[in-house]
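Listed below are the structures to be examined.
One chain, subunit A, appears in both complexes that follow, with subunit B as partner in the first and subunit C in the second.
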Partner chain A sequence: MSERNSKLVWNVILWIVLLTMPYWMNAVGGYTGLATRVLVLGLAAMSVNFLLGFTGVLSFGHAAYFGLGAYGVGMILKYIAPSTPLGILVGVLVGTLGAAVVGALIVKLRGIYFAMVTIAFGQMFYFIAFRWNTVTGGDDGLNGWRRMPIDLGLGKLDIASSGQIYYYMVLALFAVSVGIMALILRSPFGRTLLAIRENERRARFLGIPVERHIWIAFIISAAFASLAGVLYALLNNFVDPRSLHWTLSGNFVIMAVVGGMRSFWGPLIGAAIFVVLQDYVSSYTQNWMFFIGIFFVLIVLFFPRGVLGIIRRRQS
Partner chain B sequence: MTELILFNVFNGLIVGAFYALMALGLSLIINLTSVINFAHGGFLALGAYIAYELAPYLGFWGALILAPVLTAVLGLVVERLMIRRLYGRDPLYSLLLTFGLAYVFEDGLRYIWGAQSLPFKVPDWLMRPLSNYLFFLTGYRVFMVVLVAVAVIGLFLILTRTRLGIRIRAGTLDLETVSVLGVNVRILRNLNFGLGIYLAGLAGVLAAGLLGLQPTMGDALIMPSFVAIIVGGLGSLVGTLLGGLLIGVAAGLATVYVPSASEAIIYLMMAVVLLARPRGLLGEEGMNL
Partner chain C sequence: MSMLEVKSVTQKFGSLVAVNNVSMAVEKGELRALIGPNGAGKTTFFNLISGFFRPTAGHILLEGKDITLTKPHERVAMGMARTFQVTEIFPELTVRQNLRTPVELAMGWRLRPWVSSADDARARARVQELLELGGLAANADRLTGELSHGDQRATEIMMALALQPRLLLLDEPTAGMGSRETYSTAMLIRRLHREQELTIVLVEHDMRVIFNLADRITVLAEGQVLDEGTPDDIAASEPVQMAYLGKAA
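Take a look at the complex of A and B:
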């Protein structure tokens, strides 16, 4: 089987799995919400990997844009208008704008310095959400709102009462997002990002405006992260400051690494492993963080290439 | 009003001294090995809990001396067994390793000592206010600032006067050359890590005396420590010290005028510094990590 064909087969299998997930999730001990969480966190991890794996920039603060999106949609639905599409739009815009501002401040930094600054800026949004009680609900989170059915003109998409319908809406948005991501990575712009990842100095000598490329990549990546945050808030009908916390940013990066950060689909696999593991461990013990932490340490020490990295190495 | 401002500036100075103590340890480790130690807050909390266990037998002073040393020893072990394997690889991995360790520390401490806050007893004479007018100046607060100052002076003496310290500083600039000159770099990195963790442990014991013990006590300190390093400038320990005190006082002053922004203000300061001077106040030009 040629490489092209095997890629096609794997893609078909992946989409079949994603399309049928709500139907067999219960049979294997899960629930529809868990499947939705896999998709949402998978999208977030893929957005982080857009920078980490394909641009070579270590952002450790993506929870900020995830959380901005989540608060954006929550506030629209609670204070402005009970319209889910408007909420999604505004949520994504808010997160993307936040990233555009922060990104402009940090594009000149590299390596761990870049990582540190992205974390620190992420915490700024955390404290704003945490302290601005009257608007954000503070530590208790923003509740008293819920996702509303979407009127498509032909009929109503009743995402409010059916978790399953909501899953398929998330899947549709997920598909569009990863499609756009894949197209960007194949475009000349995406190839330039790979060039920057491989050798920034040479890219610079070729006359590529490296800073501008990284800034744009940062914004694109954050746009997908905020969409993930929006969908996460809609899934729970709730947002709290933890969706902005730096530990969540770290979890995104870990998901990307667990799955394999040099592969396009790796982060989704990593997210699935993370979500299932967290769900499973936390049903047995309150101290699930301890075991998740041990899992992280073992991955880093013994499987730094991630699941897909290992499979690929076997094949070649 | 003057009293309120004085109180908050002084409080900010104390908080800043904490940030600085923690940030100096982080900075030492980052400068020599490019490892961002997320578990620093975990080590800090561990130091506090060790002191809590030791205090009934050794008293406050014994715990204050011994707990940071024991924490540092654990730091040496962690470096030897785990972090050492990741030098020379993408810094992402050491970052994720310490991130995982931070989870393990926090939940481990919660499992052993519980999530509730535990009190840590400080000698009575330290808890008395120094004067009636400046009622907020309890002996313990002054003592903390003095102790941090002593620790910082001690650190700078080690770094400038001892062979170990001079080698650490040389290694920060060019580890390869230091290695070629016959210094055992493995031991150097190990001891450097231990030194950083010692400072975390010390900060932990001091914080316990002020605020009591909680498994998450390091959490509130680690992010401001990052900000202190960024504001002060990567690669400069004096900058880190300055950055810590600066953001502490800024946060203290913000408490007077806009209490709800006292946390966010330091990130705003960081943004301003990055805009005006991307390498930080005293950062080395072209410091590439």
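Take a look at the complex of A and C:
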């Protein structure tokens, strides 16, 4: 089987799995909300990997944009208008704008310095959410709102009462998002990002304004992270400051690395493993992170290309 | 108007004067070699021309335009491309992919989020042309990091060429090569110079390469121009023999 054909087969399998997930999740001991969480965190991990795996820039602060999106949609629904589409739009805009500002300040930094400063900015947003009780609900989180049915004109999309309908709405947005990311990565602009990942000096002396391109990639990546945050808040009908915390940023990076950061779908696989392990192990012990940690260390030590990297090596 | 004009350029690093009041003019279509003993300031001088550093003093003109303060990626847009002493390529991409990016950059598609199939075909054809010109077609779909040193160097030269520069800067193109690779690289450079009407400035250690290729030679020593002239002039130049060739012999 040629590489192209096997890619196509894997893609078809992946989409069949995603399309049918709510129907067999219960049979294997899961639930629809768990499936939705895989998609949402998978999208976040893929957005982090857009930078890490395809631009070569490690952001340790993507929870900031995830959380901005989450608070954005929550506040719109709670304070402004009971409109889910408006909330989604504003949430994504807020997160993306936040990233545009932060990104502009940090694109000259590289490696560990870049990572540290992304953490610092992320924690700044975390403390604002944590302290500003009257608006954000502080440590207790923002509640007293819920996702509202979406009026499509022809009919209502009742995401409010059906977890399954909400899953399919998330899947649709997920599909559009990963489609856009895949298109960008195959475009001339996407190839300049790979060039920067591979060799920044060469890229610069081929005529690529490296800082500007990293900035744009940062914004694109954060836009999808914000969307993931929005969808996460809508899933839980709740936001709390932990969705801004740097440990969540770290989890996104772990998902990307475990799944395989050089492969497009790797982070989704990583997110699935992470979410399922978390759900399964945490029902036995509070120390579920310990087992994820062991798994992470094993992967990094023995399979630096991640789970998908192992599968690929088997094939070739 | 000269292709490249360097006017009294000085570069200091702290108290070290790496390049001291150097002037040089390279005409259109010329192949200029830059030689000098180790530590003569050749690479620093090269870095000044390509925009790696900004000079402490002096001016650099490309086709009459002052580019002293112009950023490297903007110099590329003005028609300058360079290679490095230590090969700078995209090791984990195939040779074809290595060439694809500069081809697209030359077409002005830096920020394009998609390409039409007609444009894609155009870019592919251009990449293929470069692969064949550089003798890389057989290895086109291998990872560049897996190629021989000589083929990696050739890839880097073709990447620079893909930008369709008018001025090509080559920093020790035959560094680390055996004699056969050196010969084929020298032939490649000669062909590019003749067929593409390129102006080329190269830093080189291999005297056979220099005396075979260069129209004119500039000799640097201790950060200053020691002499400049045709290969015959330089071979006969006493100060050069004293400072450089004499030592080598």
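As a convention for this text, the second predicted complex is superposed on the first by the 316 of 316 C-alpha atoms of A that agree within 3 Å, B and C clash if a C-alpha of one lies under 4 Å from a C-alpha of the other, contacts with A are read in each partner's own complex, and residues count from 1 in each chain.
We adopt the following convention: a contact is a pair of C-beta atoms (placed from the backbone, for glycine too) under 8 Å apart; a residue touches a chain by one contact, two chains touch by 3 or more.
In this text, all values refer to a predicted model and were calculated from it rather than measured experimentally.
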Subunit B versus subunit C as contact partner of A:194, first or second or both or neither: second
Residue contacts on subunit A - larger count, subunit B or subunit C: B
Partner chain in contact with A:297 - subunit B first, subunit C second, else both or neither: first
Partner chain(s) touched by A:204 [first = subunit B, second = subunit C, both, neither]: second
Partner chain(s) touched by A:4 [first = subunit B, second = subunit C, both, neither]: neither
Subunit B versus subunit C as contact partner of A:253, first or second or both or neither: first
Touched partner set for A:108, first subunit B, second subunit C, both or neither: first
Subunit B residues touching subunit A - in the complex, by the definition given at the top: 30, 34, 36, 38, 82, 85-86, 89, 91-93, 95-97, 99-108, 110-111, 223, 226-227, 229-230, 234, 260-261, 263-264, 267-268, 270-271, 274-275, 278, 287-289
In the complex with subunit C, residue positions of subunit A that touch it: 183-184, 187-192, 194-195, 198-199, 201-210, 216
In the complex with subunit A, residue positions of subunit C that touch it: 50, 71-73, 76-77, 81-82, 84, 88-93, 97, 100-102, 104-105, 109-115, 156, 159, 163
Interface residues, subunit A side, partner subunit B - complex: 52, 58, 60, 105-106, 108-113, 115-117, 119-121, 123-124, 127-128, 130-132, 246-247, 250, 253-254, 257, 287-290, 292-297, 299-301, 304
